[in-house]
Amino acid sequence: MKFNHQSKPMLAAFAAALLVLPFIIDSLLGHGWVRIADFALLYIMLALGLNIVVGYAGLLDLGYIAFFAVGAYTYALLGSPQFGLHWPIWAVLPLGALLACFFGVLLGAPTLRLRGDYLAIVTLGFGEIIRIFMNNLNAPVNITNGPQGISSIDPLSMGGFSFSKTHELFGVDFTAVHLHYYLFLGFTLLVIFVSLRLQHSRIGRAWMAIREDEVAANAMGINTRNIKLLAFAMGATFGGISGGLFAGFQGFVSPESFSLMESVMILCMVVLGGMGNIAGVVLGGVLLVILPEAFRHGAGPLQQALFGKIVVDPESLRMLMFGLALILVMLWRPAGLWPSTQRRRELMPDETVAQQEQDTVYDAAK
Amino acid sequence: MTQPSETLLELSGVCKHFGGLAALSAVSLHIKRGEIYGLIGPNGAGKTTLFNVITGLYQLDEGTFSFDANSYACCKPHLLAQAGIARTFQNIRLFANMTALENVMVGRHVRTHSGIWGALTHNRATCAEERAIAGRAHELLRYVGIHRPSNTLAKNLSYGEQRRLEIARALATEPKLLALDEPVAGMNATETESLKALLQSIRNDGVTVLLIEHDVKLIMGLCDRVAVLDYGKKIAEGKPEDVRRDPAVIAAYLGGEA
Amino acid sequence: MDILFQQIVNGLVQGSVYALVALGYTMVYGILGLINFAHGEVVMVGAMVALTVLQILLAAALSSVLAVLCSLMVAVAACMALGYGIERVAYRPLRNAPRLAPLITAIGVSIVLQNLAMMIWGREYHAFPMPFSNGLHELGGAIITDVQIAIVLIALLMMAGLMLLIHRSRFGRSMRAVAENPSAAALMGVDINRVISATFMLGSALAAVAGFMVSANYGIVHYYMGFMLGLKAFTAAVLGGIGNLRGAMLGGVVLGLIESLGAGYIGDLSGGFFGSNYQDVFAFFVLIAVLVFRPSGLLGERVAERA
């Protein structure tokens, strides 16, 4: 993405809007919504990480949340009363990212030569394995505290500055949710920056080439296995970082937060928004966090107003609407809400893929 | 360094089977540096299979081939590209949703080095390299005669342009051997003529060309030597005009598809 | 050592259920090349419908044999309709869309079904009524119930029927043709849409039966039961070689056996460190191992593997 001179003022206005956003949200919608905005940023980070794997390199990863879990548990175990360890954030976050990256390579190395759908199912299995271990590693040696999860996790703080306390600056009160907003915003922008830089680099081109036609990419001299592994590791690293931030922000982690449904949710953000397009992925992340929340808050009162009582459980109604929305949006815009202008069809339509496979077999037949 | 031998690619006794079908049986041939070598034969003769073997897409069952004085029995495609073999595909395989320019830039991948760190920091070396990649890619687009805006998506190019783009992408890897699988298939006479000129100038730049083609006129006018495959066997080899009169070849073509 | 035999029996029973569900995945994959993510929920719907019909009929004091048969029939019919609907809504409009689009709609369908079920049948576990006395038999030291015997027998019967249908009937022939090459099949006059619809319905019918079986075996139903079961069954399909019918059956049984044997012995093997609560992990470890060492599954895929 290149910004020309005319877009500079626009950019400045946009930046200013992002900076005051939490206060606007706070005054219009209330404090709880700033917290939701924080979570939205975390999810956007995750979605951007997954976008590298799915959107750029075209590898379908259904267990992405596992890397998030690795980051979160690393943070939780090294910064909570669980083991009485209270490592500083600058040590724990990178370590979580590194571990997630390590797991990414561990999983990717043997499996990345598999065809797309198989990769999907293997990653899905991996995600479940991680979750089951988190769930059960409380006996006979208690490591993860099992289903109860780990609580009283150290809040995020840097060099004596705690993000979980209210600070006053220029006569304005910055509460914990505001501070986390800025912290997460910073990280999100960093991830966006990295994604952009990668997208327009030699590596990014190699990823896209693999996505478009792996055989041709290989024949043009790209070491497809290594490049795919790189995408996987990068994605995992981002997942690990956001996991650590999540643990520190929420102060509590349990296996429940890392179910397959979460992986699916993040994948939906990427695909619904527009794979491979950073703006689209951000949009997807925002929508999928905000809309269900709005629905959760709105559905109960609305039913009260309409029927005088709660007819259906708002939570399941919310999920129902979510499911319906997924179906409708995909039917209406199969390439996502905001596909990259250049690449309307991110992954090959099915026929082309089948065709491709046929063609590999009989390069001559047609 | 020792004097490079005159032979660039040498196949000896190469066999490739698919189940009971011998797509290649004991094929031996050698290609000299700087020549245009034609490979012809009826449909299903095994020409593309031979390409797939020398570019590492298929592992050969028996025999060996050596390229540029190194012997390869089973080798990954990207290593062969690194060694200097580039190819095009019979049924065009471009990166359809990438621009023409990006397609060629991908070809530069194997001759460039910048990694994640360079991409993130945009350090001097990376920027210079990126510029060089883009510059060379533009050059190659012009060289093969694609005069569209370079940000046209590959899938939106005309058929002839797509074939040329594949050649540009292959040339971007700085090959010693350029292997072309039916590059003029589906082209009209003028397009064929200009592609012929392109191939000649590629050869004049010092790239050896291996050419599969059904167009006899093109083969006759372009190739220094020709080999004929039929049912996986090499049935003739030599100067085009000699091969053309070879009774075995005539029989293969008449029996095959006439 | 009687635990060994017992675990084998349990594994076979569970494996038969996996096999039936796996067939649904594999048929759809064979024909469309995509994962029908919502298939597990079809199993759940089958179980739920059967539960409701069974409750009503038993309350109406219908003879128990008739009640069971009727509820099974209704469940099968409901699931076939559902399978048809899923294909029409989630897959057909997207047949030429980017590859991930149908996967997302299938996920959407799965979420919708799960939550609809939760609204209709609630969050609680329901007891699945069994009008027969469920006799116990001893078999070489292992205990096997009537229901379990019935499960294995019915599963075998259905699989045999399916194989006959696929390999001997006209419909089976067109189905195989479409799986092999859709456009060629269309040129030969096969109505692709009908074949695909029928495939979904067939798979859903098997899923309904499987749903009935698990419910009868465990005696409980729950709106969330389809999820894990679906996942495991898909694993089984991949294990056997996706797109390959025999592979799905074999994969189901093998997975069932591995799971129950693994759960039975992991405690001993790991010196008590891991317990049977790791049962679910086996499926996935096996899956990863198989894909790494034998990517085309035990019996090989049907789709042409590229060289």
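Per-chain numbering from 1; labels A, B and C assigned in written order.
In the analysis below, a contact is a pair of C-beta atoms (placed from the backbone, for glycine too) under 8 Å apart; a residue touches a chain by one contact, two chains touch by 3 or more.
All of these numbers come straight from a predicted model, not from anything done at the bench.
The greatest number of inter-chain C-beta pairs in contact is found between A-C.
Comparing per-chain C-alpha centres with the mean over every protein C-alpha atom, the closest match is chain A.
Work out the mean CA point of chain A and of chain C, and you get 31 Å between them. A straight line joining the Cα centres of chain B and chain C is 48 Å long.
For the pair chain A and chain B, the distance between mean C-alpha positions equals 42 Å.
The set of chain C residues that touch two or more partner chains comprises 307. Multi-chain contact residues of chain B (touching two or more other chains) are listed as 52, 57. For chain A, residues touching at least two other chains, in rising order: 345-346, 360. Residue ranges on chain B touching chain A, taken from their complex, read 43-44, 47-49, 51-52, 55-57, 76-78, 81-82, 86-87, 89-91, 93-99, 102, 105-112, 114-116, 118-120, 122, 126, 129-130, 133, 153, 169-170, 173, 181. Interface of chain A with chain C (complex): residues 54, 60, 110-111, 113-118, 120-122, 124-126, 128-129, 132-133, 135-136, 139-141, 260, 264, 267-268, 271-272, 275, 312-313, 316-317, 319-320, 322-327, 330-331, 334-335, 345-351, 353-354, 357-358, 360-361. On chain C, the positions that touch chain A within their shared complex are 29, 32-35, 89-90, 93-105, 107-112, 114-116, 118-119, 227, 231, 234-235, 238, 242, 272-275, 277-278, 280-281, 283-285, 287-288, 291-292, 295, 303-304, 306-307.
Note for the complex: chain A touches chain B at residues 194, 197-198, 201-206, 208-209, 212-213, 215-224, 230, 234, 342-346, 356, 359-360, 363-364, 366.
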